[in-house]
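Paired with chain B in one complex and with chain C in the other, chain A is shared by the two complexes that follow.
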Partner chain A sequence: MKRLMTRENAIRWAPLLVLIGLMILFTAINPAFLSQRNFARIAIAAAPALMVAIGVTFIIVMGSIDLSMEGTVGLTAVLFCFVFLATGGTLAAGAWVAVPVILLAGALIGLVNGLVHVKLRIPSFMASLAIGFVGTGAAVLITGGDIVKIDDDTFRALLTWRIAGFPLMVYVVIVMALIAWFIQSHTTLGRNFYAVGGGEELAHASGLNVRRVRILGFVLAGVFYAVAGILQVAKLGQAESVSGANFMFISITSVVVGGVALWGGIGGIWNTVVGVLIVNVINNGMVVIGLPDYLQDGMLGLLVIVAVVLSTDRRSISFVK
Partner chain B sequence: MDLQRLKPHFPWITLLVLVAFVGITDPNFLKPANLLSLAGDIVPLFIMALGLTFAIYIGGIDLSAQSMANMITVVASVYLASLGLWVAALCIVLGFGLGLLSGFITTRLFVPSFISTLAVGGVCFSVAQWLSGNRALNMDADQRDALFGWMIGRTGIIPNELFIAAALLAICLFIERRTTLGRALKAVGAGELAAAASGLNVTRYKMLAFAISGALAAIAGLLFSVKLSGGAPTIANGFLLPAIVAVLVGGTPLTGGVGGVLNTAIGTMIVAVIRASMLYFGVQATQQQMVFGLVLIVAIALTIDRSKLRTVK
Partner chain C sequence: MSTFIKDFIERETINRRNFLLASAAGLTSATMPGVFGGGMARAATEPALAWSYRDRASAYWNAIVSGGEAFTESIGKPKDAMTSLINEGSSEKSLADIKAFLAKNNGACAIACDPNDSPNARPVAEAVQAAGGYVSTIWNKTDDAHPWDFGDNWVSHMTWSDEKPAEETARILFEAMGGKGGVVHLGGIAANNPAIERLNGLKNALKDYPDITLLDAQPADWDTTKAAELMASFLTKYGDQITGVHCANDNIAYGVMEALKAEGIEGMPIVAYDGNPEAVQMVMDGKLLATVFTNPHWGGGITLSLAYHAAIGTFKPSEEPHEHREFYGPTILVTAKDAADFKAKYLDNVPTYDWTDFWGPSNGGIVYK
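Coming up: the complex of A and B.
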């Protein structure tokens, strides 16, 4: 019993307790929070964000960071619309081809990201930030600043077709989260992410090809960003260069709030799921209890700082940049 | 003459080559009037880049600069009527204070600077939305001209912005070259652990670096809002990328310790010439972000000091 309050246990369970506490708090202030309709609303808002957050989780577990998500999501969303329209404009007419094509495009963007970071030896936060700018720029270039619309009832079923009150995209996200969990805990690649994050030099010394693992991590993240891009189109029925706006801040906050340490090696997919739910419950709850929505970015800012401070073992580091 | 000894001279050689290149393509480009107005237009960006130089010089980064400038345009527009000239002081104090906060979070709470400044940027965005009610605000034109008109007029053919830029550059150069603070920042950038071990109060100097960055971002925002005679929570979006590019192509590497504010002046000119040349070569404004993103990658790859990074995370 003495070991119950260890650091590991606190990191594992504290986010879940915070989530439950928040839900009780918001319900107490306004009982309308605790309704199936509202939960569906939270789930829809959280779905693309969760895909982005899961993607970046792999990177953060390695001790790196990826800031390219806004560009990647925007570009894949725009590309998806174009491929979708070019191949028929409806799923029935063969536009389903767009899905694998865009997943591949996401992987490709991730590959470029990883190659720039690893081959040119540029710190990942700056390499990915630059790639993100290039992605947004490419999306602006392709669209000329316009909005691209998709009007296909079968594809929009992701949002409109509901099972047990939740739209289809929520189940897609659950399946993707399970796949991510499988990769994390049952594949060599998943284990290798932790090896790199836990101690890069040790991993290297034991014969691991660290650079390959890093690049593959970015490729994997790119695929998940592409899924987010597709879901974003399904949610809004349209795409533009700013379709990925705000995902950077929200996803990194979510991952860190869920208990994945920025230093790498600690936490995983389930932490991220809880973190995304915390952030979205707060965003939704603030509206439900009548707080203005402009407080949200400031709130996220405070949240991410508190989360990093709480997850940092202050005795083990001497300085940060 | 090996490559390493040539490296510090890259920025101004690049600038000369670019200017010559564009000048040959279009001789009108080299007319003093054109060059001066080009330089005048880039001043808000230059001031922001000047501030960023301090954050990057110590090996950190300030991703809040753009949100800070956004917020200040709103603050300046809202409080110009009631505070008059004092609104300038309010803006600078606000920028300095929030920069200090970023520095505190980075150094005392051990939150990496790219996260802490992103978070402070989020706070700035919230404040800007709250103050402006999410609308674009206008300044009272007469009052702006009476109080801040001197910022944007012309003396002869020289835009007044250039005098502001020169004054700020001189102050920053003085801080960098002639004060204890400047020496300390160099020490921190060159090797933080060694600086701490030799008894330097590293925490205080790093906080000051972020505070200077915040104050200069605020001045950039103030000048920008005076130029546009108004403010909005997203009006300065698009500043961050070229500002970072200006610092890096100027020759201050992401790892810090070398380069400085004079380099940033050259870097900003390079950015201005690249922008102008894109117009001449028919590159659409929509493509600029992509080009600058690629320039950023090249600039980092060329300048970064890899001997300081044992593992590249």
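Coming up: the complex of A and C.
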């Protein structure tokens, strides 16, 4: 019989234990935390962030980084509103067309991102940051700095229509997470991400077209950012050029807190899901337990460090840069 | 004074100075050619125009820019004669852009500027003074820095006192709550002056309503997404105790409304601040009780106009009283009963302002506590 408490097992389950620990802590201080309604609130806050975090997980697993999410989410959210309004302004009138159009737009932005990174041989950090700025700039240009609103009740059902107490958008996110897991675990592309992240030279020498895998990774991330853009509109009923603000910090923190290693090859979708939940539980919990606002940022930083320490297998690498 | 006389004086002033400058330029170029470049002569007659501000991604700054452009067109120039210096929230960039603009135009500049944060106002004014340009600022300056300490070059500073209007919105909110219950405040970035003043306004109003408790006040950083998440957390913590919401700006109110919509909560009394078009529409629709308009279009135009007219010599800043060099901008409370009129007057048709009526709509000299 295998030992249950192996080191591997401890590391695998650490993020989940951190999450449960936090929930117990917050509930002990304020029992109101542990209620279905509050979980629904956390889920709504986490939904778009999870889509962004899953997108960037594919890139981080490859050992690259993608910082284009704020620009991409902002631009796709704004474009979604424009296409939605131009095609009738209600789902019933045919505005559903906006959904595939925007997913395609997200893929396109990701493609450009990947091509700039791979073909021009610019580090992913710089290439994606630049593409993000271009995205925000384009969103400002399109909106002229104004807010675009969507009032269609059918579309807003993503937020207002609840099944078992959770809004529809939460189920959309669950389905998307399952799709991401399927790509990661049951497709060649998913396994290739790990091959590239685990050792790029080795993958290349084994005949893998590393550049193609990288570009496809960015395309995939772009699609998930587009989903986040659409959910952001569903959540707030509006889009503006800054709709993607803060997603960079939230998503990368969540990915790392969940136990995905920034140097690539380690972790996956479920780590990210738990990581996003940890960060959102912390954000919600700090208000619910009544932590003074001037302590919240510091506490978030502290908890993130603790979570990373507990959930990353640092013994397998010789040094951290 | 009739406009005829005013125009006449203005024309004569310009003519006389042109004559003086022309003769001066003529004399010097005869004796020391090249020392006095063309730039100096342009310095007084045709200053280059610029607006230095945070970003184009908000309705507020867009309105500021539209005012600056309206002024630029009013003096017979194309809109793009006004250069936008966008600092992206960086004081360093704000100062560097202004220095570059001064250098490019030999100091012959009329600049309107929000220095981004208070300590940056002084270096901006020093740079402009050293180059011989003219600058008018809004919002940010430290209490010890005054335009009159910089001769004519720091023309004026305008800010808005938000405490009183925020108190008025709070009173409207409390009346709608029936004078009892619990209120939460979602604020701006904690260290921002307007955020502090708007919360103080709420606290002032609370003194007259003993049956209303301030349940919580936390920063939502002027951000819609953050406001929605903070409001959701407040709902977990306080639940039905919350019977009114005081928001530091319109963007925060949009987030609050969406958080309430997600819960199916309707009819919660909410007040906001800024008077953005969407918020005014919400006041008309009864979704929002009140917002406060600070007329950024006028602010954007008049700030540039002050710098420009000081630069061409229409008035000499150092001869103006202190309340003409440091003053409060206008604030207009928008509530359900006047929202439609307000929208028709200020938003549907942007009024044509007299950009030489520098201090008419302002709200008196700045008072330091």
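The rule is simple: the second predicted complex is superposed on the first by the 282 of 321 C-alpha atoms of A that agree within 3 Å, B and C clash if a C-alpha of one lies under 4 Å from a C-alpha of the other, contacts with A are read in each partner's own complex, and residues count from 1 in each chain.
We adopt the following convention: a residue touches a chain if its C-beta (ideal position, glycine included) is under 8 Å from a C-beta of that chain, and two chains touch if they have at least 3 such contacts.
Just so we're clear, the structure is a prediction, and the values are computed from it rather than from any experiment.
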| item | value |
| --- | --- |
| Touched partner set for A:Val281, first chain B, second chain C, both or neither | neither |
| Chain B versus chain C as contact partner of A:Val304, first or second or both or neither | first |
| Which superposed partner A:Gly144 touches (first chain B, second chain C, both, neither) | both |
| Chain B versus chain C as contact partner of A:Gln232, first or second or both or neither | second |
| Touched partner set for A:Val242, first chain B, second chain C, both or neither | second |
| Touched partner set for A:Val116, first chain B, second chain C, both or neither | first |
| First, second, both or neither for A:Leu295, with chain B first and chain C second | first |
| Winner by number of chain A residues touched, once chain B and chain C are compared | B |
| Which superposed partner A:Arg41 touches (first chain B, second chain C, both, neither) | second |
| On chain A, the residue positions that both chain B and chain C contact, one per complex | 136, 140, 144-145, 294 |
| Residue ranges of chain B in contact with chain A within the complex | 59-61, 105-107, 109-116, 118-123, 125-127, 129-130, 134, 192-193, 196, 202, 241, 254, 284, 286-294, 296-297, 300-301, 304, 306, 309-313 |
| Partner chain A, residues of chain C touching it in the complex | 55-59, 61-62, 190, 216, 218-219, 223-226, 228-230, 232-237, 239, 254-255, 258-259, 261-264, 276, 278 |
| Chain A - residues contacting chain B, complex | 63-65, 67, 116-118, 120-127, 130-134, 136-138, 140-141, 144-145, 200-201, 248-249, 252, 256, 262, 264, 292, 294-302, 304-305, 308-309, 312, 314, 317-321 |
| Complex interface listing, chain A residues touching chain C | 30, 32-33, 35, 37-38, 41-42, 44-45, 136, 139-140, 144-147, 149, 156, 159-160, 167, 232, 235-238, 240-243, 245-246, 283-284, 287-288, 290, 293-294 |
